[in-house]
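Listed next: structures, encoded as structure tokens.
Each of the next two complexes has chain A plus one other chain: chain B in the first, chain C in the second.
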Partner chain A sequence: MRSLDTEVLVIGSGAGGAVTAATLAEAGRTVTVVEEGPWVDPDAIEPFSLDEMVVKYRYGGPAAALGTPSVGYAEGRCVGGSTEINSGLYHRLPGDLAEEWRRTYDIDEFTPDVLDHYAGGIESLLTVSKVPGAPPASSAVIERGATKLGWRSVEFARVFAYDEQGRGTKQTMARTMIPRAVAAGATVVPDCRVVRLLRQGPRVVGARCRRTTPEGATERLDIRADHVFVCCGAIHTPALLQRSGWWSRIGGGLKLHPTVKVAARFPSPLDHGDVPMHRVTEFAPKLTIGGSASRRGQVAMALAESSAEYEDALAEWEHVAVYYAAIRSDSAGRVLTLPRASAPLVTYRLTDADLSRLARGLVNLGELLLAAGATELYPSISQSGVARRQEDLVAWWDGLTRSRANLMTVHLTSSVRMGQEGALSGADSFGRVWGAQHLRVNDASLIPDAPGVNPQAAIMMIAARNAEHFLATA
Partner chain B sequence: MLGFEQRVVAGLVTTTDPERRAAVEAFVDGTLRSMPEHLRAGMAAESLLLGAWDRVRGRGRAGPVDLAALDGSRIDVVRQYVRLLRGLVLFAECELAPTT
Partner chain C sequence: MTTGSTSAVVTGAAGWLGQNLVRALLSDGRRVRGLVRTPEERSLLELLGPSAEAVVGDVRDPSAVDALFAGVGEATVFHSAAVIHPAKHVRELFDVNVGGTQLVLDRSKRAGAARFLHVSSNSPFGANPTRDHRFTEDSPYHPYLGYGRSKMEAEQLARSYHERGDVPVVILRAPWFYGPFQPPRQTRFIAAVRRGRFPVVGDGSARRSMVYTGNLVQGLLRAERSEAAPGRAYWIADPEPYEVREVVETVRRAAADEGLAVSGGSPRVPVALARAAAALDAVLQARGRYVQPLHVLGELRDTIACDVTRAREELGYDPEVTLYEGMRASIRWCLERGEPV
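Let's look at the complex of A and B:
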């Protein structure tokens, strides 16, 4: 067994952990970051490829929140976490939503002004920008359809830096905050799974880990720390807390954005090297319409979801792109650690209202794509067939049932909510876990509810705020 | 992969190139091994039941699986079972396809 001492241990290196590590290391604290997954050169693997799925995704790809219907989800598991595999869309937390959460959960120092201050800091570090020049064809589809229907749409900024030729590079944590942390003296330990937190009564004193060496052997590693930040994301943060003995209001209240998809075929080819950056905001925040990665593999999977014959469309896959409708859900899920299992059980119970909203979103998405010139639509409803005209969309209202809906999500939040309202939260306004000492959560788990947009910006601004609070108080 | 899973995957793979078939099967096998334990256990149980049902129907332990029957099953988890395997096979086949 090996052991290691540090002042601050940060568990997880995604949007929350990387910001925490960089902020604390640059303030002169001794920081160690442990990451369960590998440290991969961000330029070594093509985005959204099979290799990326194998190397950077937890479970090598698919996982599911069980329910009726189940909701498939994906998470990153590498240095940089899910920022390495997402689309890089950046959206500040809407002020009215922050204000609503501040009141409901009694969150200190959570006014729009405070959050904007931290968002500004993050944006200046990450290069948040819009695509130079005209948007790619797959993104223009959304704008064109929305314009024809009289709906609002916007081009979202992304955490991308562009060179003089207009080539974009996603500013993932492995490219930005992790190097900053390392430059300031932080140590990063990849391939290191935290089995449980070490504690003396309510005080956390470190973590017991299982590290995989470069030679492939595994060894036990105990890390002693004065302070521990758990930043493993909305599934694995509550799972680790439960494994370590904290259960009260931990893991319940999981939120996600249930999402339905449509593979849309067009008369002419689309681009497939980028993710559409336009979004329909006409129905936000309850419903958002946008586009997904559409490499050949993703197109094939999306085409097959409808159970219709798809070989002809797949043969012309360059003409097909994948779009989605995502809702803010009324319902909530749960993360539950199972004895002797490394993966927690995740459940999610969709309400009838959620299902109805998803059906509406799917029909809206179909209308948009037809208005933009699509000739064939393959929805993620089993046994649904292909829609070619407006009249065909009527069947989607009744078709999206619990047994036929094929849902997924990539946004998971709210499993250890923050706030001073102890009955509703697992941690206080700054991420300190109720009933524990020297233990903080600082990731998507803290976000009190689903934001209705990509949560990366909210995660980062909350993480920066909490890290500064730590520096001022600990 | 369990025997019935191998037969389903073999029925879903469309390429005739033995190397690509092997690569697709290896990808699916690796993904199933990496799944959360409870999901893998549920899937394995389903594979055993479906395999037993297939034998009862006289199809033996080898040979093609009736994918249309699984796709059209009235039982949700059976359809989801094929959906998952089909998704993995399709993704791997497309991503492993030679660049044209």
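Let's look at the complex of A and C:
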């Protein structure tokens, strides 16, 4: 067994962990980051490809939250976490939502001013930008359909940097905050899974890890630390806390943005090198429409979910792109660690109102795509057939049932909510886990509710705020 | 004051409120385009005169709602289509009451509608805390089960379309209706009261606001013209709530005065039984199931009462028909049509 000593241990290297590590290392703290997944050269793998899915996704692709219907979810499992696999959309937490959460959960120092301050700091370190010149054809579809229907749409900013030829590179954590942390002296240990936290009573003193060596062997590694930040995302943060003996209001209240999809076929080819950055905001915040990565693999999966005949459409996959409708859901799920199981049990039960909202989103999405010139629509409803005209859409209302809906999410939050309202929160206003000492959570788990927009900006600004609080107090 | 001479679009045009409303609009010389569900309903509506036109379709269907709005221009939209008692599944409440409302709002916006009158309900507000309490327009949401949640979300949608400047919206909240063109469930209610078979929960002192359909139509037409109304919500009901036992006595008196035999008393049901029904209803609804008799019995224990002061002051609402007169009109309507009242 090997062991290692550090002042601060950060578990997880995604939007929460990387921001935490960079902030603390640059302030002169001795920081060690452990990451369960591999450290992949950001230039080595083509973005949004199937190779990327195999290497950077947990379980090599989507996993399912149990329930009827089940909701598939995807998480990054590599240095940089989900920032390596997402669309890079960057959306500051809306001020009115922050204000509502501040009141409901009694969160200290959570006013729009404070959050904007930290968002500004993040934005000065990443590159947040819009597309120079015309958007990709798959994104223009959204804008064109919305204009035709009189719906509001916006181009979302993304964490992308563009070179002189206009080629964009997503500014993931592996390209930004992780190198900053390393430059300031932080150590990053990839391929290292934390089995459980080490504790002396309520005080956390480190973590017991299982590390895979470059030669493929596994070894036990104990890391002793004065302070531990758990930043493993909304599924694995509560799972690790539970494995380490903390259960009170940990893992319940899981929130997500369930989505339904349509694979839409157009008369002419679309470009597939980028991901749409336009969103329909007409029905926000409860309902948002956008586009997904549409390489051949994603197109094939989306076509298959309709269980219609799709060989013809797949043969012409460059003409097909995948779009989605995402909802804010009324219900909540649970993360539960089971004895001896390596993966936690994740459950989520959609309400009838949620399912209805998804059906409404799907019909809206169908209208949008037809207005934009799509000729065939393959919805993510089993046995649904292909819709070609507006009159075909009404059947989706009754088609999207618990047994036939194929649902998915990439946004998971709220499983260790923050706030001083102890009955609702697993951690205090700055992520300190109730009942524990020297232990903080600093990731999507803290976000008290599903934000209705891409949460990565909110995760980063909250992580930066909590890291500054740590520096001021510990 | 707006002129009110613009044409009218009515969803739920063959429904209980819709039939009363369409007749009132036509007698004011208005052109009416109504959404109905079946060809039979279209024939019924178009028999009312050359100014009445019906579109057959589902309020959730974009192509049907497009046909409803085709060429109507700057119309007033009366959105009265909704599901109160789903056939079986709670989901239907959300599909129609929220999904249908969004679609009609969207097309109202696109057509440049002059005003959108949204027919809402007491159910987003639940029950009053005491017998003497009255809901006002400032009462907070406290939705009662699936229907209440669906109508709350529909109100919130309608309000957002107003606040964004898409279409001027007025929300009208109506409690339990009575009046002509009633559905079979209301005919069964009157028949049960007349035969002494309608259960009164406890001592029957719970209060209920009710609204005569003619009074509600008056409220809608005045809200269409009021300059104060856009962006506001109003309770539209009879002037004062009634005690349940008073409703039962009035229906029996109205039936007798229409020459019907009145028998029995009014059987009493313990409050605990109504509470148990409400609890079972909640459990079933959480599993997506809707059982109408349970729902109705569960709701009978509560006081659901509202204050119509704001509608009187801002809309000039002046409910003219009393419970006794309105119930007699309902019973006459049943008798004329041979309904088994």
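What we mean here is this: the second predicted complex is superposed on the first by the 474 of 474 C-alpha atoms of A that agree within 3 Å, B and C clash if a C-alpha of one lies under 4 Å from a C-alpha of the other, contacts with A are read in each partner's own complex, and residues count from 1 in each chain.
Here is the rule we use: a contact is a pair of C-beta atoms (placed from the backbone, for glycine too) under 8 Å apart; a residue touches a chain by one contact, two chains touch by 3 or more.
Since the structure is predicted, the reported quantities are computational estimates derived from the model, not experimental observations.
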{"item": "Partner chain in contact with A:359 - chain B first, chain C second, else both or neither", "value": "second"}
{"item": "First, second, both or neither for A:367, with chain B first and chain C second", "value": "second"}
{"item": "Contacts of A:394 with chain B and chain C, given as first, second, both or neither", "value": "second"}
{"item": "Comparison of chain B and chain C by chain A residues contacted", "value": "B"}
{"item": "Contact footprint of chain A on chain C as seen in their complex", "value": "58, 60-64, 66, 89-91, 93-95, 98-99, 102, 106, 109-110, 146, 149-150, 153, 288"}
{"item": "Residues of chain A that touch chain B when the two form their complex", "value": "49-50, 53-54, 59-64, 68-70, 295-301, 304-305, 307, 314, 317, 338, 341-345, 382-383, 403, 406"}
{"item": "Footprint of chain C on chain A - complex, ascending", "value": "149-150, 283, 352-353, 355-357, 359-360, 363, 367, 390-391, 393-394, 397"}
{"item": "Touching residues (chain side chain B, partner chain A) in the complex", "value": "27, 30-31, 34-39, 71-72, 76, 79-80, 83-84, 86-88, 90-97"}
